[in-house]
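Mind looking over this structure? Questions follow.
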Amino acid sequence: MGILEVKDVGKRFGGLQALSDVNLSVKENSVHAIIGPNGAGKSTLLNCLVGKLIPDTGSVMFDGQSVLGRVPHEINQMGISRVFQTPEIFGDLTVLENMMIPCFAKRDGHFRMHAVRNMMADREIVEKAEAMLVDMNMADKKGMHSASMSRGDKRRLEIGMCLAQEPRLLLLDEPTAGMARADTNNTIDLLKQISDEREITIAIIEHDMHVVFSLANRITVLAQGTPLVEDNPENIRGNPKVREAYLGETA
Amino acid sequence: MSKSNFTRRGVLKTGAVAGAGVALPTIFTAQSASASGYTNEPTGSNVTLGFNVPQTGPYADEGNDELLAQQLAVEHLNGMGDGGCLNTFTSKALKGNGILGKKVDFVTGDTQTKSDAARASAKTMIEKDGAIMINGGSSSGVAVAVQGLCQEAGVIFMAGLTHSNDTTGKDRKANGFRHFFNAYMSAAALAPVLAKELGADRRAYHLTADYTWGWTQEESIVASTEAMGWETVNAVKTPLASTDFSSYIAPVLNSGADVLVLNHYGGNMVNSLTNAVQFGLLDKLVNGKDFKIVVPLYSELMAAGAGENIKGVLGSMNYNWQLDNEGSRAFVKSFGEKYGKPPSNSAQTCYAQVLLYADACERAGTFNPCGVVEALEGFEFDGLGNGSTLYRAEDHQCFKDVLVVRGAQNPTNQYDTLEIVEVTPAAQVTYPPNHPMFGGDEASLGECNKGA
Amino acid sequence: MLGLNNKKDFTLLLVVAALTLLAPFVLNPFPSDSAMAQFNAGYPDLMQRFVIFGIFAVGFNILFGLTGYLSFGHAAFLGVGSYASVWMFKLLSYNIVPAILLAVVMASIFALLIGYVSLRRSGIYFSILTLAFAQMSFALAYSVLSNPKFNLTNGETGLQVYANDPQVFHRAGLPDVPHLFGLSMRSTYTMDVGAWSFSFNVGYYISAIVLLLVFYLAIRIFRSPFGMMLRAIKSNQTRMSYTGLNPRPYTLAAFVISGAYAGLAGGLMAAMDPLAGAERMQWTASGEVVLMTILGGTGTLIGPILGAGFIKYFENIFSKINDTVLHQWFAFMPDGMEDFMVFVIKPFVGKGWNLTLGIMFMLVVIFLPGGLVEGGQRLGKWIKNRGKSKDSPAKTEPAE
Amino acid sequence: MDAILLQILNGLDKGSAYALIALGLTLIFGTLGVVNFAHGALFMLGAFCAVTLSKLLQLSFVTIDATKKDFLGNPLKVETPYVEAWFGPEIGASIIDWAVPLSILLAIPVMIAVGLIMERGLIKHFYKREHADQILVTFGLAIVLQEVIKYYFGANPIQTPPPDALTGVANLGAWFGFDLPYPIWRIVYFSFAALVIFGVFAFLQFTTFGMVVRAGMADRETVGLLGINIDRRFTIMFAIAAAVAGLAGVMYAPINPPNYHMGMDFLVLSFVVVVVGGMGSLPGAVAAGFLLGILESFASTTWATTTIPGINQIIIYVVAIIVLLTRPRGLMGRKGVMED
């Protein structure tokens, strides 16, 4: 029984069957990659997991509870955090403030008025955020305007913000898309370090095989909206069906 | 760099300097200078009047006309120009040497035809510039609001154009005076003429601007026309913000009505009349009679805006420059020579109000509002253009002849677009001060307030 | 100090305090009999307006400046506040405390209802929803709710206190104008110093103290976690929901707070002058507060106050400059020159003050996107740099 | 029955003005991403093109007629329009009579020029700025434009009648055997509006230029990548939108006499129309314009106002609220437009 159980999920957009009969089980504390060619339905599946889309059929269970019918912030409160393809951070805020917001969310839930107290006076939050920045190797950037950072730093900050919530499941949507090689490698190292040091499950959607095989210990291949095969990396690498459907295409 | 104090500018400059110097903003002051003091008591050689007219917004042209008349009045009071109505006014207290020997200055404000803005600009003139009297305005909402303010501040309010019954009805104030006529008087003057011109068995359809003034006018017209035998088919309220009245005009066609009464003013009236003519109402024959349109309150600017459409349309006015009496001729001559156009009825009202105020101060021998109130109450006069007039003591409303006018069929120039049909004598439009449309017995002027 | 960790904030509060408390001097720089006295703004009514619209704009900025939600209907709350106050005057007494309290409460309730519905949408859709609600309120107040059978607003004339109103707590000896436990809002002490004359008005000072309190509160909100959440919403709503936070209660709270500020401003307005007109609810009035905020500097603390002062100054001072005044100014010039100057300036003052205001809007937005605050900052920088280049090489100042 | 038809006609007529202004607003928003609060002022400028032309045509020389007196008792100055002197009284008079339709010829170049100057001189610098800044600067421009008009033409409305041949009432029901009188000029106005709307749609649909613009509205970046200078085309679209608003104004002048603030009167309603139609959707703007026009007409009937007092004051806003709450992006709005 995995921490995330996807059963018979189907989703139709007009005439297009984007997903059909998707079954997926993500084991606790694993790094599970979902790969597939363009248009395979990876992003649609991800959106079904976080509440942005509601599947037409099937069920999505997280830790024994259904996520269907819940809106994104509720699902997040259940323990699922999401990293986007283009980093979604609070560009108008400083790096430290960016990091403080998930700390508040973790401690206070989805809404709480702290309208009068000075935010910097909340030592507990500030310290936690600063510690997280140290973990992310960004302590020197804490006063920076976050929009002015490099893409790699933004990605790092975004991952850090997700971790600050201490999620049980971290979803990553092509975390290295559009990154230079050096940034990509840094990100891989960071994710490795996270999965080694923390009790966390990671589900990653990725195009870049280098990233997938460096990180994943379980891989699901999606093709035309339905899972082709699910196995460990070694077997996937040797699977001719996968080569045909996916690897061959990108080569 | 003219050194002579006799140039126009020199006079104005010294005047204003001295005027501002004495007009310390002591209004609303708890710590008054002396027990006998009153708000903005002029102590120097000048006295400041406040002219509060719409300078922006749809009534800006009307406001401009009022301002021209007020400036003319100040000129005449200060002994400049040809003296205008000072020569014809039956009270001979004014000598053309200012008021009580003090030279008259004025300040201006913009009412924007909003009661808030009007009160703000009036307060500015009272608090900052030391105005001792406020005059002007082109709507009843503004008049009532500013009148209330002047009552509280302890200055005199001489209303400009305000036609609602309330101004001297339920909202009457001891410090406020209205020279302009009102909806009741319009109705009382119009009804007999309507009966004579259109017959006593007409069926009327009212379109009424959906706010206080519209309602009071509709109420007045309905009452007086029904009294002479007309039937009111329908009375429809139109939103003030309407620009197109087609959807209100269209139902008139098949309503069986043969008279349309437009209880609209300004832009509303121009558009509703234009639309009514567009729909061919005036060409229709209903119940065997020619369809007619009545606009109870006319103004020259509305007539200009409505253009050809007003031909044959009946209405009433406070004053028209074509009125032939000594005062009117003198006023039209000096206004026309100075500005190249005849005065409108709101201009005449403001001109008369300024002179009446000045005259009352002279006769009272003081600027003290309570003295001025006393001098104006029950004052009978002539020679300001409207013929014999009474400022009634009970409600501070002027009673004078009311003009019934009609859009001219063949105007010879751009100014004689209206022709006078009848001059209804004052007696016929007089009503008791406790008339139910005017607040009944409850309405009271209160005490005059000299402020300070 | 005062819970303000940031030294800059505390300085800002001190500056605003000094400006408001010394306003009678600051705004009356010219001797009262000089030709420049025209530009003096230190008389009670205008000073009251400055601070009241300052409160309105500061509150509006909490919504617009922090969350980026542009409401075109905030004047409705101001109007509701005014009506509530005047009703308190009519029913209870002229004491301003219950009046202002009810104004704030009623405006908050209205803001809660309108905000709850409007905040279901964002962007221009939100703006138009608020506009629609405000225009409805205006139409209702101007005519529908002023009919003789059910007269809640007294329509065109405006709601005011009549002699036959109950005023159950009114006692002899209390002033017949709005007062604070007997202290009339109208009392003014005039101080003459040489050629100058300064007015100290009770109503103004009460409004000024209220402004200081709510300005202080605004600083606290800006610096609070709540304020940060609001800025985060403006910055990125997606990240907000994927951080487990629900943006809507935050925006609704901001909406209600700014509605309460508007109600407070409306209540104070009625307290200074007990008449509530429907025009103050019109969309143009809502537009005005938007303009004040942008003109001053959106999202800055002091910007809205500056913007409010700026616009009200124009409305009240420039609109009063008529031909006579102009001729007086240029009387020192030769005749032809004088007439020429008057001819050139005339379209922009007096009845043309709207034109000048429109031009100012355009110039400020084109050249100072950050509003007057940015203008001030640039000026400050320029002066600093000039100073530096003179007595360089002074030590570099630490960054703020 | 005919009462209902009459109100539908009234609604279509009111809707024509809304639809034309909203169409221009949507074009500008869709192409340039600019919220143009000066669009009402463009409508007003169009109406004043008609006023200006009819004043120009009536420019007169003065002769003194000593037999008549003016209001001051001086000899009357008789004004004769130059046009009448040049072309003879009859042709001259009929040229003056047709001033409004003739002003279309004046309005098109004038409004295109105004549009180009506005876009190149001002709006261009605001593409990337926040919508709030765009609103403020165009609002400022609207105030400036209307104050300039007020300075030259005054605040009073100026009657601008249609040609004699097009005044009066036509019986639309005559062919069908019932009575449906309707003012001729209003029929002209509606037909004209329909023609302009049709023209704009045809232009966008069937010309290469229009196709590029539509593609650009859908995805600016991609079109830019194809090496097409989309900005220049958008500038031209701005001029076209200005011309559409101007033409709407010209033809509206005889319906209700123009005044300097008529633009502001229409602005708010037009924005409501655009939003109800759906930001960025041209058919939505047109449909919502006519829909709200018709609803407004029906709400002002006695039947409606006695059922719900005051409904005629608030109907448009009520409809806007209902539409926006049930259809998040308006009737035909596109996803992701103006939702930030």
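Just so it is clear, A, B, C and D label the chains in written order, and each chain counts residues from 1 on its own.
One rule holds in what follows: a contact is a pair of C-beta atoms (placed from the backbone, for glycine too) under 8 Å apart; a residue touches a chain by one contact, two chains touch by 3 or more.
Quick caveat, the model's predicted, so the values are computed rather than measured.
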| item | value |
| --- | --- |
| Most heavily contacting chain pair (counted by C-beta pairs in contact) | B-C |
| From chain C, the most remote chain by mean C-alpha position | A |
| Central chain (distance from its CA mean to the mean of all protein CA atoms) | C |
| Computed distance of Cα centres, chain B from chain A, in Å | 74 |
| Length of the line joining the C-alpha centres of chain A and chain C, rounded to whole Å | 46 |
| Whole-Å separation of chain centres (CA-atom averages), chain C against chain D | 34 |
| Distance from chain D to chain A - Cα centre to Cα centre, in angstrom | 51 |
| Sequence positions of chain A contacting 2 or more other chains | none |
| Touching two or more other chains - residue numbers and ranges from chain D | 313 |
| Of all residues in chain C, the ones touching two or more other chains | 139, 143-144, 147, 354 |
| Category of the chain touch graph - line, ring, star, complete, other | other |
| All touching chain pairs, where touch follows the definition stated at the start | A-C, B-C, B-D, C-D |
| Residues of chain C touching chain A in the complex | 3-5, 217, 220-221, 223-229, 231-232, 234-236, 238-246, 249-250, 253, 257 |
| Residues on chain D engaged by chain C in the complex (per definition of touch) | 35, 122, 125, 129, 131-133, 135-137, 139-144, 147-148, 151, 268, 271-272, 275, 279, 309-310, 313-314, 316-318, 320-321, 324-325, 328-330, 338-340 |
| Residues of chain C defined as touching chain D within the complex | 64, 70, 117, 120-125, 128-129, 131-133, 135-136, 139-140, 143-144, 147, 283, 287, 290-291, 294-295, 298, 347, 352, 354-355, 357-362, 365-366, 369 |
| List of chain B residues in touch with chain C within their complex | 1-2, 8-10, 12-13, 16-18, 20-21, 24-31, 55-56, 60, 63-64, 67, 106-110, 114-117, 119-121, 123-125, 127-129, 139-141, 144-145, 148-149, 152, 166, 171, 210-213, 215, 237, 239-241, 442, 444, 446 |
| Partner chain B, residues of chain D touching it in the complex | 2-3, 6-7, 10-11, 13-14, 68, 70-72, 76, 150, 154-159, 161, 167-169, 181-183, 185-186, 255-257, 259, 261-262, 265-266, 296-298, 300-302, 305, 312-313 |
